[in-house]
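Chain nomenclature is as follows: A, B, C and D, assigned in order of appearance, with residue numbering initiated at 1 for each chain independently.
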């Protein structure tokens, strides 16, 4: 389902070269729940961006859902992303639309029948505990609320793969647990999940396969 | 030094009214270290915004450094902010400037002599462990790195008051501890600190006075 | 899907607010100026045509011909290439005309025993004869006829006319060039603005896998709507300006340019303006593509 | 601090890139068009003045005066308000002139026993007499002199002139209005753009307590720099265009308008253009203030 082979990603900032990913290889099968962890700057976000085609690896092979990601054209990348639910670390909500519209938008752009949209949007909002804020604009949300709205947008399509980047970074423990339960539910219903987090402890709590990055290297793959 | 009396802040989103702060009163003396905690959406960020004059309370009195904040004019607010170091929850780095320029900018706008600027900027960057990324632009930083850059900017002026909103939200435990140590150092050198965090456990670790917000109400003030 | 795209376009337009308004007004201005220039040029064109009618070449005849000879002569003169109109002036007509020229002193003529003037034919040249060469050729042919004593009138009227046309052409080129430049800048600026306002939005849309058409089509449609609105406004402005100004301009025109009627753009011209506006707007939207 | 503010302004300008370029070019365009119109208007103004010199009013005298009477008469005529130049035409002059008019048929004149023409004074009206009322007044005064038999030439030349001036005025108003509108829109658009690009930046600057001057001054300076660059470009464009076009235009001008020389803007005019550009740019920067 997901396979990386010797993936490197190197950024140049002026004279400095940053190896955000160094020779990363792994494989994830359908239906797995994988936790991706590592300190700040270890390369978690970069790895996810490579998976959804926002970053082209400097070297190596990336396959997602049977597609060779780095070689995809623009419209094929868009098609791939429509099969993925992504929770961005910085939420990335459209600032000029309400929470409801942000979520309905992805359904509408896909041509989902109008009659189903409202029900599906509110279903997703209810799961993340945000139905009362449906009419608020992103600037009117607290950071934790924005993160939950981003999760609702990612799961509203019931995608085969969910990539969640730090979805509880701004949430207290109680709410984090709730969100993790939501993600587990989605996983139980058949979605493959990759959850990136800096909370090393989470791996122990969730008891799932864990990939650990350190300065771009995959130093541990266990569970 | 800081005093709130019966502060309310109510937002209207369409027909819905959100009480982000409800009747909050407290007082913080010079040299205190206060932890502000509460779940997502409890009102932590709103409370800090009221303190640095970005939000006018719907009702109540706010005094910071002897100034009646809600009544200040634009240039007085600017002057107040120059006495405060603020770490914003979403970093708020100027996207078109490097990390170095982001930090040097506040010194330059204040008329700090050129000769001192470089040394002070690198001093602050070293404290947060980011000197190697000085020439990177904000878009080239990981979230955790951006947060550390924001902290460096807040402390470069050695302000009498430091307001830090979730400065370790995107950091793993090891790095969070380092950052807390940096903040403690600053506090030790005489700066009054308010640290907002959703990590309820942090209060126990740091053993400092803790204010707990719940749906805009101050439900606990202890330590 | 179409409904979705159109509603997205209108939503963008509303959001762009003051800027969209600026873009529309700039397009209006460019098109209105273009249209106004078009109107003035075509009216000056009419005036030039009228002036050409007024240019007279006089062919003096050796003798006053009788009716039959006159008819044959006139037929031959008309057959010369470049001759448009002809008027026969008999010796009596010429004398009457001289009296008119003398005005107060007309009585002088009566002191002359007999009419000393020649009969002549006054010619109007056609557009064919508006190059200096064609005009010289025509004059030579007329001068070669046996009945003709002398041809008065040289090629200089042709030079004058062609100089005027060159002047108009240069003004047209200059004005056209400036307006073209302004229109391109307008479109570029408006597009850059819209793109800038949408930059994050576009990025986020792409990241959530929105199809390209949903990302770009609204931009194109928005551009076209702006262009169309701008063009319609320009047509309205021109119409109102024409209605208000024409009654005042007409006497002036007839006084200075000898033009009785100040005409408006034909319907096809209006349609062309509207089409140009829509295209301009669409181009702006389309540039969005090149811009990234 | 000043160094800091100026460097911030240049930094903004560089960042705005294509948009700043657009704004500069639009200002260039507006000012170049304004300047070009100014040049054309002032040259047409010269042409009108020349035409006025050519308008002749003829005062026919009852008798040919002797030298002394003539001197006294000429002095009185020159004293009439509205009279600029005077030329005395004796009866012999008039006859010579008639021969020229008759051209081929001049021999007719020799058949007349004695010279039947009157002596006259040809007048050139001054600018004072360019209103219809002043002209009528002048004609009445001349007609009332005892030596004068008749005054030929009516007020219609004045009407023609004033109609021309009205036409020029209207064109000037129209062109000026359109350019003004375009310039305002340009400035608004450019400002909105810059503001939009700086929106987050401005917010962040305020949040970190940057003094107002550091927030706004660069915007104002940036606007002024844009305006100045645009104006300098416009002056360059006008100068080059003038150098290139004047040699071609001059013969044309003299042919159609009777104007020998096609003049450029005076230094003060250039300075005014540059000042206007800088002001326009500053206005754009200043609007930033009203915008928030």
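Convention: a contact is a pair of C-beta atoms (placed from the backbone, for glycine too) under 8 Å apart; a residue touches a chain by one contact, two chains touch by 3 or more.
On a predicted model such as this, the values are computed, not experimentally measured, just so you know.
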item	value
Graph separation of subunit A and subunit D (steps between touching chains)	2
Chain whose Cα centroid lies at the greatest distance from that of subunit D	A
Rounded Å distance between subunit B and subunit C, as computed from the means of their C-alpha atoms	68
Intercentroid distance (Cα basis), subunit D paired with subunit B, Å	63
Distance from the mean Cα position of subunit D to that of subunit C, given in whole angstrom	24
Subunit B-facing residues of subunit A, complex	11, 13-14, 16, 37-41, 45, 89-90, 132-133, 135-137, 140, 142-145, 148, 166, 169-175, 198-201
Subunit A-facing residues of subunit C, complex	1, 4, 15, 200-201, 204-212, 214
Subunit B - residues contacting subunit D, complex	52, 54, 74-75, 77-84, 86, 88, 92-96, 105-106, 108-109, 111, 153
